[in-house]
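The structure follows.
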């Protein structure tokens, strides 16, 4: 199963308009129905006090992957908004590159329940640094 | 009650080493025992697809305020790490300036439970855009 | 400000139909717009392995208080459902009586963001044992 | 890999002392390292206003499965306590039997990050009704 051309264009346009994605150097690695993979370098401008990637970076990329995963299962004219998101940080973001995978657990009419996993790659080895669980809301154009 | 000079220096040093704070233009507005206020402009580089501040910005500033609030109540040689954080977004970050207040609900030996509130100011009016609830862990130097 | 008679009756009827409330001996202590207080004894049937009230009891009573708090601000024909809820446990439920206060942070058309606080009373002293933050959804009759 | 006899006995003893498990008719279906399955009927005493299993039931069983999953990976003399838990409810608990699976994502020295999935069986068909994500803390005997 693949994502329709309309949905993929909508998703890529929306992503391109998010300046924070450019700031963090995030790119789209994979678009599939109910599943999005984003990736970025861990830039010098996104670090915490020990030089690791900031929790806010892991949140931003993980939340965005989860949101766009939900968008792939929404009506073609819908946009998506995070209602709430929870992140558990399980290891420091010590590495060169971050990979965030968003998945849809349940796509409802009014809400989508999503999860995310954020990994960091260092010298070719991937470690899970955070998991996320949250709720996305479809925003439909006023009739 | 005030925060000791040692703790305040430790906190300001830690904050200064977080490059993501510089990226987002965050500054410390208030340091009190169990309470930290951070503030930042909503910069062009931190926006989502509609031009509002990104959820990742609200998370980053809210989480950091909550973490340093916990740090004010920890032993003088402790550092702080986010174990987990949950954010509910209640309004778009539509404004010029973001203000995040972190508070400690319970400061335990092994964990601190914290909350955060993120507001946005537009034309002098403040609106709550997000609330956070999470857990901070003190990191103590090895004996 | 008070809650309308229609809303109060709807709330009390709904509460009475929840068998788990009877099981745990929960009663309604206060109904106000955007604020509900529930209380219950900590019964022998609701304990964890050390004889304290189970986390599931604190969750059940806290979540229900938060849900009905949201219901007070919804349209008169709406029902309420928990979309998601997060609980941080800050102390053991060591006492005779539990008091849960639910509050509404933001009552939107499609979602309500709520918080809860659960306290336990022992020999007349109240201690906060848990805080909650979550999302309630109004369920409206089909037109 | 299996769980040691000492850990299994500790887990079963702890479970047997939780009166709320007896109240809800919960039994242990599976014990494996980092994975626990609990099951229970949806009793008349644990329902919400529409006759479905209460969110508090799903939370209680899911949280307990997740906690004991963490316990299987802790030192033999440790006990376990929930620090925080988040639940997203994705469908009503409409069925005869509830099955909760707890899993460990990361077992650290000071914290374990866990997830849970709660399913309901109706006429032989299983539906996921809730997912959980949280933090467990090992409690060690004072030296």
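Here the chain labels run A, B, C and D in written order, and each chain numbers its own residues starting at 1.
Going forward, contacts are C-beta pairs under 8 Å (C-beta built on N, C-alpha and C of every residue); 3 or more make two chains touch, one makes a residue touch a chain.
Not measured: the values here are computed from a predicted model.
Undergrad: So which chain is farthest from chain B, going by the mean of the CA atoms in each chain?
TA: Computed centres place D farthest from chain B.
Undergrad: Return the chain pair with more inter-chain C-beta contacts, choosing between A-D and A-C.
TA: So, comparing the two chain pairs, more contacts are at A-D.
Undergrad: Taking the mean of the C-alpha atoms as each chain's centre, how many Å separate chain A from chain D?
TA: Taking the average C-alpha coordinate of chain A and of chain D, the gap between them is 29 Å.
Undergrad: How many angstrom between the C-alpha centroids of chain C and chain A?
TA: 33
Undergrad: By the touch rule stated above, which residues of chain D touch at least two different other chains?
TA: 83-84, 86, 88, 113, 134-135
Undergrad: In the complex, go through chain B and note every residue touching chain C.
TA: Listed in rising order, the residues of chain B that touch chain C are 86, 88, 90-91, 105-106, 108, 113, 115, 128, 131, 133-135.
Undergrad: Under the stated contact criterion, what part of chain B meets chain D in this complex?
TA: 83-84, 86, 110-111, 113, 134-135, 137
Undergrad: Which chain A residues qualify as touching chain B in the complex?
TA: 14-15, 17-20, 22-23, 44-50, 54-57, 59-61, 63-64, 79, 81-89
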